[in-house]
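The structure under discussion appears below in the form of structure tokens.
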Amino acid sequence: MIELKDVYFSYPSGAVLEGIDLTVKKGEYVGIMGHNGSGKTTLARLITGLLLPGKGYVRVNKIFTTDSERLLDIRRSTGMVFQDPDAQAIGETVEEDLVFGLENLGLPVPEIDTRIEKYLDLLGIRELRHRNIRTLSGGQKQLVNLAAVMVMEPECIILDEPVSMVDARCRKMILQHIARLNHEGTAIVHITHDPEELIRCHRLIVLSRCRVTNQGTPHEVFGQLLDEKEMDVPAPYAISRKLGLPPALTIKALLEELCRSRSGN
Amino acid sequence: MIGIYSHGRSYMHLLDPRTKLALMVGMGLLIYSAQLPALTVLLALVLLLSRASGLPYTRLVQGLRPVLVFFLVIFLAHLLFTPGEPLIEGLVVPTVEGVTTGSVLVLRFILLILYTSIMTYSTSPSGLNYALTFFLRPFGTFGTDLAFMTGTAMTLIPGLFREKDTITKAQAARGYKPRGMKGFTALVVPLMNRSLKRVDELSDALESRCFHSKRRYYYYRQTLANRDYVAVGIYVVLAGVVLFVRFEARF
Amino acid sequence: MSIEIRQLTHIYDAGTPWETIALDRIDLTISKGTVFGLVGGIGSGKSTLASLMAGLGTPADGSITIDGEPPNPGRNVGILFQQPEDFFFEKTLFEDMASGLLHLGLTEEEVHKRIHSTLDLLGLDHQILDRSPFHLNRGTLRLAAFATVLTMRPGYLILDEPTASLDPKSRKRLVEVIKRISGDIAIIYISHRLQEVVAVSEYLAVLEQGKVAFTGTVPGYLDWAAWQDAWEYLPVLNQVMYGLQRMGFDVDLNVACLEDALEQIRLSLERT
């Protein structure tokens, strides 16, 4: 569905991406992990054509991002949630924010109403409908941003550091919603520096020094990273591997393994 | 200064935003052409409208605080420098005419601010957008784009003030309260820096949500109701009276 | 020698329907020569507390004294806001750093000396002084901003999310510097990255909706969070330890790094 081929990108201050090959299939949950400054934010913007590659190409559903006539089609199938909860607020109230995208799509009014109700309910923020966005907490704002994208029902949602500026409680909630979205068929591209966020993805890609350095399932990639000592891996994974236990990605799984190991003794 | 929108179902809230926008422009013209007696009537009217919109008087008046000094200066300037019948003896002579002219000018400003506050308090930015789009539609895509730009700019203005506060604090934290040109740069450069970043991110978000020039604004469609006709009717009567009094006074 | 905060209260928009109590009779003591962590979620009041401690604003009630004096921004207390690299505005980094110092009344020679010695302390190349702030990368700029506040030689320094958005190398450097200088000045470290706060601080305070929910040492904090079953207050490694404790494993809650955690777990497994 999304295809990046031999993509290069540089800012005046230097090269940021070199020779990137990446594909995302329909319904896949792809995690992209990289440090701050590794080019992951640039990558996010290249996918939807907010930026154009210096070399190589990016295609969404076979449409090139350089095809300016059809950029709208690309944006219809991809929605993006950015890092800063404040910077994406478009309407004054939550409702207006959601209506904005749907008006852009030209949907009939009853359809707009249905969708707004559906997704506000889904994210558990129905009571925020008429609240002024600026009065919400960072986590709530990000939930609204997610709703505003979900409401447009794109085939793929791209998330650029969606929870790094969000408090712990909302963080967990948002990550669960993302996983559920993927369950129901939406492809997800989840970009972050925090490995704990990516334990549920189908395929994990590591960006380092302008290139893709690792690719595979979370287990495979975390295993490689652990040996290379280049990047962080989720703590439960590191602990389980170092103790010689079956690898565990969550704390719950780790505790289960340790209990099993104890009773084994 | 501009009363921030608050969701509600008051009489003013339920008026079509186009009516309100038109009335606001109309009131502006009326205020400008009215003299003292008419202005006091308009003042009474604004207090009534404030009630009708659910905007508490305290908040209404708060909008005037930042400009009070400005008003004082204008009033004093006119009080002391308008030629006419002197009130007291002295070097700089306040005159009766000065009191009148000064009061009229200050009152006009006050009324403009108060009416605008009520308008923005009872009209959502979406509504305002809708009204602007409606009136600018004859100008095609340019018109609707202009309406959108104005609406978005209004949403961004409070953010600018917040940034200014943060920046002044940050510079003060360096023990450093720069004055004059240097002070201006110390504020403006970071302000531009941060604002441009914010606006960049906002435009990315707009594009991602499929914003395009040819889009239509139809969800918040309004139909004119009886109350709109009534409101316009009242305005016409009021305008008639004010203008009649004004031109009657001439002859 | 300390910051004494007594019954500190601050209210926003008092008397309006938007009235919020940001700080509610806070009592805190922060001693010189320590790193004091400040933790709290959104609306906890930690930004307000930071501003008031830095002398930017007057509290509605209560008092803050720094070594017996009121807070004087840039003199006895300094603060590094979030994204401080956005606040540079001069043509060269040197001019930016020097402006505050000149305002203090130092001679040009003293200014030069201070700036250079602070850069040395942070391991920064003196060459960057001649560059424009707009041409340097974020990590370097962050350290430069840090240097700028340090040159004022405040006795107490408040850092608000100092490592946000930094690449790992710059982050590590910044934390190293903080550890190094904390002997001479007191550092108040505000961050929502619990692993970091816990690793750097000796003491901690937790703010919840304008009140102090906890204040004490870091091991005390971990015990308190565990006792509350407040997982969101525990860094990931400590969450693992806590989970193990709850399942009957004999482990210490307070682990600073992965190796410690592994050690604890291995020992515990051997004992069973």
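We just call them A, B and C in the order they show up, numbering each chain from 1.
By our rule, contacts are C-beta pairs under 8 Å (C-beta built on N, C-alpha and C of every residue); 3 or more make two chains touch, one makes a residue touch a chain.
If you're wondering where the values come from, they're calculated on a predicted model, not measured in any experiment.
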Third chains touching both subunit C and subunit A: B
More contacts between chains, B-C or A-B: A-B
Farthest chain relative to subunit A (centres taken as mean CA coordinates): B
Length of the line joining the C-alpha centres of subunit A and subunit C, rounded to whole Å: 30
Whole-Å separation of chain centres (CA-atom averages), subunit A against subunit B: 42
Centre distance in Å when subunit B and subunit C are each reduced to the mean of their C-alpha atoms: 42
Set of subunit C residues in contact with two or more other chains: none
Subunit A: positions in contact with at least two other chains: none
Subunit A-facing residues of subunit C, complex: 41-43, 135, 137-139, 165-168, 192, 232, 236-237, 239-240, 243-244, 247, 249, 258, 261-262, 265-266, 269, 272
Touching residues (chain side subunit B, partner subunit C) in the complex: 58-59, 166-167, 169-178, 182, 185-186, 188-190, 193-194, 197
Interfacial residue positions of subunit A with respect to subunit C in the complex: 13, 35-38, 137-139, 167-169, 196, 234-236, 238-239, 242-243, 251-252, 254-255, 258-259, 261-262, 265
For the subunit C and subunit B complex, residues of the former touching the latter: 16, 51, 54, 56-57, 72-75, 78-79, 81, 84, 86-89, 99-100, 103-104, 148-149, 152
Residues on subunit B engaged by subunit A in the complex (per definition of touch): 5, 7, 124-126, 155, 158, 198, 201-202, 204-212, 215-221
